[in-house]
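Structures incoming, each one as structure tokens.
Shared between the two complexes below is subunit A, which pairs with subunit B and subunit C, respectively.
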Partner chain A sequence: MNSFLVFTAKELREQLKTFKGVVVLVVLLIFGMTSPLLAKLTPEILKLAGAGVKIQIPTPTYIDAYAQFFKNIGQMVMIVVILVFSGGVVSETSKGTAQMMLTKRLSRSSFILSKFLSDACVWTISYAASAGLCICYTVYLFPTGNPAHLFLSLFCMWLFGIMTIAVSLLTSTVFNNYALSAVGAFCLWGLISLISSIPKITDYAPSALGGDNMGLISGSIAPAALRVPILTGVLISALLLLAACLLFRRREL
Partner chain B sequence: MPVLEIKGLTKRYGSTNAVDGLNLTVEKGSVFGFLGLNGAGKTTTIRMVTGLANPTGGEISVFGDRVRFGSAASNRHIGFLPDVPEFYGFMRPKEYLTLCGKLCGMNSAQIARRDEELLSLVGLADVRRKIGGFSRGMRQRLGIAQALMHEPELLILDEPTSALDPVGRKEILDIISTLKGRVTVLFSTHILSDVQRVCDTIGILHHGRLALCGSLDEIEKRYAGRSVRLEMPVPERMQELKDRLSELPFVRGIREEGPTQLILSCSDISGLDYAICPLFARMNLPLLHFERMESNLEDVFIEVIKGE
Partner chain C sequence: MDALRQYFPFLIPVAVLEVGLMVGALVHLLRRMKTRNLNVGAWAVIIVVFEIIGPVLYFLIGREED
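Let's turn to the complex of A and B:
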């Protein structure tokens, strides 16, 4: 347990010192800040772009601000998360720093779980800051309106991010170089999304965590509908982590 | 009690046997030179001893604890320096040693004491800059410090001098010399002069098997007087002479020293005494110099490798 915490602390320091965590934080803050702003300014921008042409655009609301936010986080930010975190294990094993640590009293499972915990911490802090910024800006720019199930919706996207980190960690454990690890993570991520779109599976699939957020906010989807996707999201993340630990234990370094 | 005991260790990659039924014992307090050509299986053996690679067969025990692949349990006895040590470049030496100490379960007081001792030992006490800017020699020295952090009973150094300049090599060998008697050292290398300088016991690994093992003194005595220096004044006939000498059944190795001199390793030195003058007479060559020599480790190594 002690070596796990020691290595997790080292991981968090590394995220800061090598700017990996800073990149994730900055990207998330940018999207948290710009999403409500873009929703507010889109009609003006379109009016300026289409000079002389009459464009009918409905007045933006808080719904547009959150829609922009969840769209950005669910797509752009997940790509950044995969690019940043899919090098975690592979960079250490290919360079040889992992071998130095694993010949101390650090177990291989602790090595993997420390990486996961530190990535999850960076994601959680960055996402919380981004979501906080988005909420503040949205309330400021669109004072009227009361989003339904906002925090459940935010929690679902957070869990979707955690699952993405677990995907990145698994491929980082399996492959021997960063490029393969990142491509592998995109493929696995895409595969989970693809399987999620099969009609009989859709209602249970974890893709709803990153896709049904606006339904929750607008009230068109009941919170109970997300119960199973949350469970499958947690289960898949745990299975991906377990697979990463087992594979890493059997990997020659 | 043996510090390290290896029985029937085998490692196969496809159809290649990197390590082939290796039996080896390292006794407490020794500085064991683990010799072999590049690709002989030294690093593979060390990776299996440290639990980083999975043996195809055989057993390894360190202080009686069986080494299990993927487990760090037996590493509590071991300090390990890989051939190319890599560190976290954003850290400073003291921070890295502190991390190692914490991972080994040491308390803050122990870590502070060892940090100071080891950084002085390896000459990095006054270095404040980040490891990312270190030279190779500095990295090797820090590597030794991290390996010694938890006061291990067995220190495993995988080719610690092979990539260093003469000054860096000397520094590392000096550090190893200071450890004699305090910790058992397994020192893998293919640089024979390094072994002669710091080791008291050697094992020569060839094609994954232990071709020779014993104390350096014993081995040098056993092989003493089995080398001969010859000199003849016709360099253009050197190749012809080498060919004829290599046909003699007791000549195990021939190497040139300059254009007119040869060093021969022999399994039967008296056989050569009788054969050499008739051979030169038949070839119509003058023999300027004939001298029995004390064998050095290089001769022993070449003879063992060739004899295999």
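Let's turn to the complex of A and C:
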């Protein structure tokens, strides 16, 4: 247990040293601020662009701000997360530093789990900061309106990110090349979304975590509907991690 | 236009982060003058031209390990 924590701390330092943590934090902060701003300013920008032409645009509300935020996080940020974290194990196995770590009384499963824990820490801190900024900006720019189930909605997107990290970690242990690992992670991630869109599965699939956020905020989706997707999201993340641990144990380094 | 000017203070932190990321990547590049995948000049252009994406790509696949 002790070596697990020591290694996790070392991993976190490494995340800063290799700029991975910084990249994730900065990208998330930028999206946290620009989403409400863009929602507020889009009508003004359109007016400037089409000077003289009358364009009818509904006045933006807090709904648009959160819609922008969740759209950006669900697409752009997830791509960045996959790109950043699918190199985690690959870089260590290809350079041979993993071997060094594993001889120091660190089991292979702890190696994978501590990688996951440090990635999850970076994601959680960056996401919390980004969501906090987004809420502050939105409350200031759109003082009226009260979003329903905002925190549940934010939590679902956080869990979606955790699942994405688990996907990247799995492909990162399977392949021994960064490009393959990243492409593999995109494929696996796409596959989960694809399977999620099969009609009979949709209600239970974890993709709802990254897709139903606006329904929760506008109140058109009841929180109870998210119960099963949250469970399957946790379950799939755990299974992906288990698969990563098992595969890494059998892998020749 | 007035509305845009009114929200200008909100844009400052965004600009600071974006420019900071770019300058950070450029400084990192110029201090080492070593890259992977593409040469130094190409990475410098990518970092400056593509906002956010350029520096992120540089840190992920262009940065030479110390």
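Following the convention adopted for this analysis, the second predicted complex is superposed on the first by the 253 of 253 C-alpha atoms of A that agree within 3 Å, B and C clash if a C-alpha of one lies under 4 Å from a C-alpha of the other, contacts with A are read in each partner's own complex, and residues count from 1 in each chain.
Quick note on the criterion: a contact is a pair of C-beta atoms (placed from the backbone, for glycine too) under 8 Å apart; a residue touches a chain by one contact, two chains touch by 3 or more.
Keep in mind that this is a model prediction, so the values were computed, not measured.
Of the two partner chains, subunit B is the only one that A:252 touches; subunit C does not reach it. In the superposition on chain A, A:96 makes contact with subunit B only, while subunit C stays out of contact range. Shared-chain residue A:178: touches subunit C; no touch with subunit B. By the touch criterion stated above, A:10 is placed in contact with subunit B alone, subunit C being left untouched.
Look at A:40: by the touch rule set out above, it reaches subunit C but stays clear of subunit B. In the superposition on chain A, A:20 makes contact with subunit C only, while subunit B stays out of contact range.
When the shared chain is aligned, subunit B comes close enough to touch A:108, but subunit C does not. For the contact definition in use here, the residues of subunit A common to its subunit B contact set and its subunit C contact set are 18, 95. Residue ranges of subunit A in contact with subunit B, taken from their complex: 2-3, 6-7, 10, 13-14, 17-18, 95-97, 99-108, 249-250, 252-253. Residues 18-20, 22-23, 26-27, 29-30, 33-34, 37, 40-41, 44-45, 48, 80, 83-84, 87, 95, 137, 141, 178 of subunit A touch subunit C in their complex.
Residue ranges of subunit B in contact with subunit A, taken from their complex: 47, 50-54, 70-72, 75-76, 78, 80, 82, 84-88, 90, 99-100, 102-105, 146, 150. If you check the complex, the residues on subunit C that touch subunit A are 1, 3-4, 7, 10-11, 13-14, 17-18, 20-21, 24, 28, 52, 55-56, 59-61, 63, 65.
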